[in-house]
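Quick heads-up: structures coming right below.
Heads up, the next two complexes both have chain A, just with different partners, chain B and then chain C.
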Partner chain A sequence: MEPIIFGENLSFSYKEKEILKDLNFAFKKGERVGIVGESGSGKSTFLRLLAGLLSPTEGVVSVAGETKAEGIIKKISMVMQEAMLMPLTIKENITLGKDVPKERINEVIKAAKLDGWIDSLEEGIDTYLGDRANEISGGQAQRIAIARAMLKDADIILLDEPTSSLDKETTTEVLEALDRLMEGKTVVHVTHHPDLLKGYDRIITVKEGRFYE
Partner chain B sequence: MKVLKRLTAANMIWVITAYVCLFLSIIIQFFWTIRIGMIADAIVSREKIEIKFMFIMFAILLASCLFIYLKSLAGKYATERMAHTLRMDFAGKLLKSEREAIGGYEAMSKAQNELTASSEGLSGIFDVIEQFLSGILALIFLLFANLRFTLIVLGPLIAVVLLINRIGKNLPGLVNAAMDKRISNNKTAYMIISNFEAVKVFGAEEFFEEKFKKELEEWGRLETKKERISAVTNSVSGILSQLPLLILFGVGALLIWRGYMTIGTLMIFLNMTGSFIRTITNLPSWVVRIKQFLVHLSRTDIASEIQH
Partner chain C sequence: MNKQVREMLKEAGVWREFVIMMILRSPFDICNSVLTANMMQKFMRLIEQGQRENLGKTLGVFFVLVVLLFGYNMTIWSTIAVRFTVKLQKTLREKMFDKIMKLPAAELMGSFKAEWFTRLNNDIDKAVGYLVSPINFMHMVIASVNLVISSVIQMILSVELYIIGICCLVPFFMLNVFVISAKINLFKKEAQKSLVGYTDRIDAALKEKEVLAVYDAKDFAKERIAKKSLEILNRNMKAHSRGAICNMFYAFSGMLGYVLLLYRGNDIIETKLDDFADLCKVTQYRGNIVLSFNCVLNSVINMRGSLVGVERVNEVLLEEKDDGRTTA
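On to the complex of A and B.
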């Protein structure tokens, strides 16, 4: 099977420091790949290259047939460490201004397990988070981010330590929502915790900018 | 007003020094004007001007220079100390607050905007007070010197004061609304910057651009309304302030011709009336500036309270 994601001689430098060195890799469609490594090893930079948020200094990265950042970014969906909520309504935080049918929004809310919480709010999905965006629980915030990623419905899901700032109980709840997001998709999951990668097809360790499998 | 009182109390010695220098500077200017009138009368009546008289003039001039320097120095120092107290008060409260209670960037944005506007307001306050006191002193002199003449000349100005008071009533509300919108603009800009990755990944650039544009337009509308009120008050007062000078020249010339008034006295009247008219002419913009300044100051207090 043709790889959906691959890299050839991929390197990335920042301020003359080489963060990723001459990487060659290929991930198949539907594969779940875990990336582990210590802080500063380059794993988050790698994910941003796959997301099209950064461009390689040398080599090529190809994601779903796209090699340019503006093309790659359209093919992926991402859940980051911070939920990146904004002072908008819950609905706007999920759709980010896109015109989406109500049924589809309800579908992702349910899949992200946000329905119980939203139903308990007086103004429901139209509740304005405002500066309270900083005050809602980490689990709720991350589930909104997951709903946002579900709505994009990309074939490739990139996860950058989405549970690292959550407690154990909330992590379990968020992982359930993540499972639904990842169903039938190609997943690249960056984490400090290898135990979160049980059942993954491949686990790659990043050390000093190189891959070890 | 509460904040202004607190800032004054915290820097009382410097505020008093600035006021004393300012008051002495005004009084000396006042004596200089009267002496100039006396010289004019002496020249017209071809009287000999004594050396002692010239010596007093020179001493007044020197003292005037000294107090202009001192009042400027003390005024600026007192202002900066008050602005410093304001900033440090806010910074202190911020440091003592819980992170969650700070309200994120909203309070920071508020602090930045309000503190800048308040510091600007503070730096102009001594100039406003000086011009205001000069005008009041001139008015008292004019009323005592010739009550009827003064009332005829200055009557039209009462209309200006009443008009300005009426127009200026909407201003604090507008200042508040414009400031809130400015904060909201900053918030949107900060939101885009801090969530840049999410904006890119989920293609939300257009959504935020549109949102930012709408907020900017609303802020522009409020600012235009605010400035329009200021412009109306300034131009109306400018036109009306010319009226007393015309009356003064006409009536003054008639009185001199009939021998009821000397040229020196008319010169003093012209000078003092000019000083009072300047005060009245500038009154609308001062009222506007002071109202805006007090709103900004009170909002620094609101911003502080948010955190507790």
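On to the complex of A and C.
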């Protein structure tokens, strides 16, 4: 099967420091790939190269047939380490200004397990988060970020330690929501915790900018 | 003085310095007014009496007195004022910083970060501005002293002309206080809130720039930031418009009073006033009254805006004090 993501001789340097060195890889469609490694090993940089948020210093990265940043970024959804919400309503934080049918929004809210919390709010999905930022837990914020990703419905999901700042109980809830997001998608999941990658097709270790499988 | 301001000064431990500073500054404007009015009278009299050769000598005396008066203001008083301002700002910032450092981490995340950042900067600047910035509390006190003493002197010179002058000011005063400036404080408060929202959105957009890129929402964020910016602009414009209307009526009532004073003053020369030099002195004091009156009004308007800063600073400082009491 033709790989949906691949890299050839991919290198990335920042301020003359080589962070990723001459990487060659190929991920198949529907494959779940875990990336582990110590802090500063370059795993988050790798994910940003796959997302089109960074451009390689050398080599090529291809994501769903796109090699340019502006093309790549349209093909992926990403959930970051910490979901920083904007001072907008819950709905605006999920749709980010896109015109989306109400039914579709309700669908992703349910899938991200946000419905119980939203129903308990007086103004529901139109609750302004600016005044309630301190009342929102990390788990709720992260599930809003997951709902955003679900709404985009990209074939490729990139996860950058989405549960690292959460406690154990919240992690379980967020992982359930992530499972729904990842259904039938190609997933690249960067984490410090290999135990989160049970059932993944491949696990790659990044060490000093190189891949070890 | 407003209770909130008094509490803030006491909490900052600069109450005594502030009182001393005010006492030292208060006589300046009235001294300047008395000096100018008497010199004007003297110049007119010398010209009327044909003693033009003495004009230079009188001008020289005036120059020396003005140098002494303004010299005092620029050196001695300015040094005291700068020391007071630096001490007040330093104390408030330190206390506010201590408070922020004690806050739970959740309050320093997201939108609340902008709130605390605004309190540490804009609100403290506004609170300090209430006390020492031009056309705020200090000018209100100085102008009030000038207004009261100039009124007494003018009444001694001619009660009738004083009443004419005041009658021209009263409608302006009523219109200003009850119609025009009533909402200025509200607009400024709203503008301050919008500023918090604006900072908040920029802060969030910068932190979320990768998310905005991934979800193609940069334009959406820009539009939301622009909306807040426009909100600040609109609210400030409303406050400025009211200020401009106020100034228009001020100019009109000032000129009306001046014309009536000259018209009636000319009639009463030799019956109630000695000569045109006396009338000049009266108009000079009347000018001081109008200027002081306007200064008091504008100071009150600005103080209302600056008071928002004092209130917001006190919300933190006094809350800290309450906590201390409870613990004790």
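The rule is simple: the second predicted complex is superposed on the first by the 210 of 213 C-alpha atoms of A that agree within 3 Å, B and C clash if a C-alpha of one lies under 4 Å from a C-alpha of the other, contacts with A are read in each partner's own complex, and residues count from 1 in each chain.
In this section, a residue touches a chain if its C-beta (ideal position, glycine included) is under 8 Å from a C-beta of that chain, and two chains touch if they have at least 3 such contacts.
From a predicted model like this one, the values you see are computed outputs, not experimental measurements.
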| item | value |
| --- | --- |
| When chain B and chain C are modelled together on chain A, clash or fit | clash |
| Partner chain in contact with A:44 - chain B first, chain C second, else both or neither | neither |
| First (chain B), second (chain C), both or neither touched by A:74 | both |
| First (chain B), second (chain C), both or neither touched by A:129 | second |
| Which superposed partner A:148 touches (first chain B, second chain C, both, neither) | both |
| Chain B versus chain C as contact partner of A:86, first or second or both or neither | both |
| Which superposed partner A:53 touches (first chain B, second chain C, both, neither) | both |
| Contact residues of chain A, present in both the chain B and the chain C interface | 48, 51, 53, 73-74, 76-78, 80, 84, 86-87, 96-98, 131, 134, 145, 148, 152 |
| Residue numbers on chain B that touch chain A, as the complex places them | 100, 103-104, 106, 187, 191, 194-195, 197-204, 206-208, 210-211 |
| Residue ranges of chain A in contact with chain C within the complex | 48, 51, 53, 73-74, 76-78, 80, 84-88, 96-98, 129-131, 133-134, 136, 145, 148, 152 |
| Interfacial residue positions of chain A with respect to chain B in the complex | 48, 51, 53, 73-74, 76-78, 80, 84, 86-87, 96-98, 131, 134-135, 145, 148, 152 |
| Residue ranges of chain C touching chain A (in the complex, touch as defined) | 106-107, 109-112, 197, 200-201, 204-205, 207-208, 210-217, 219-221, 223-224 |
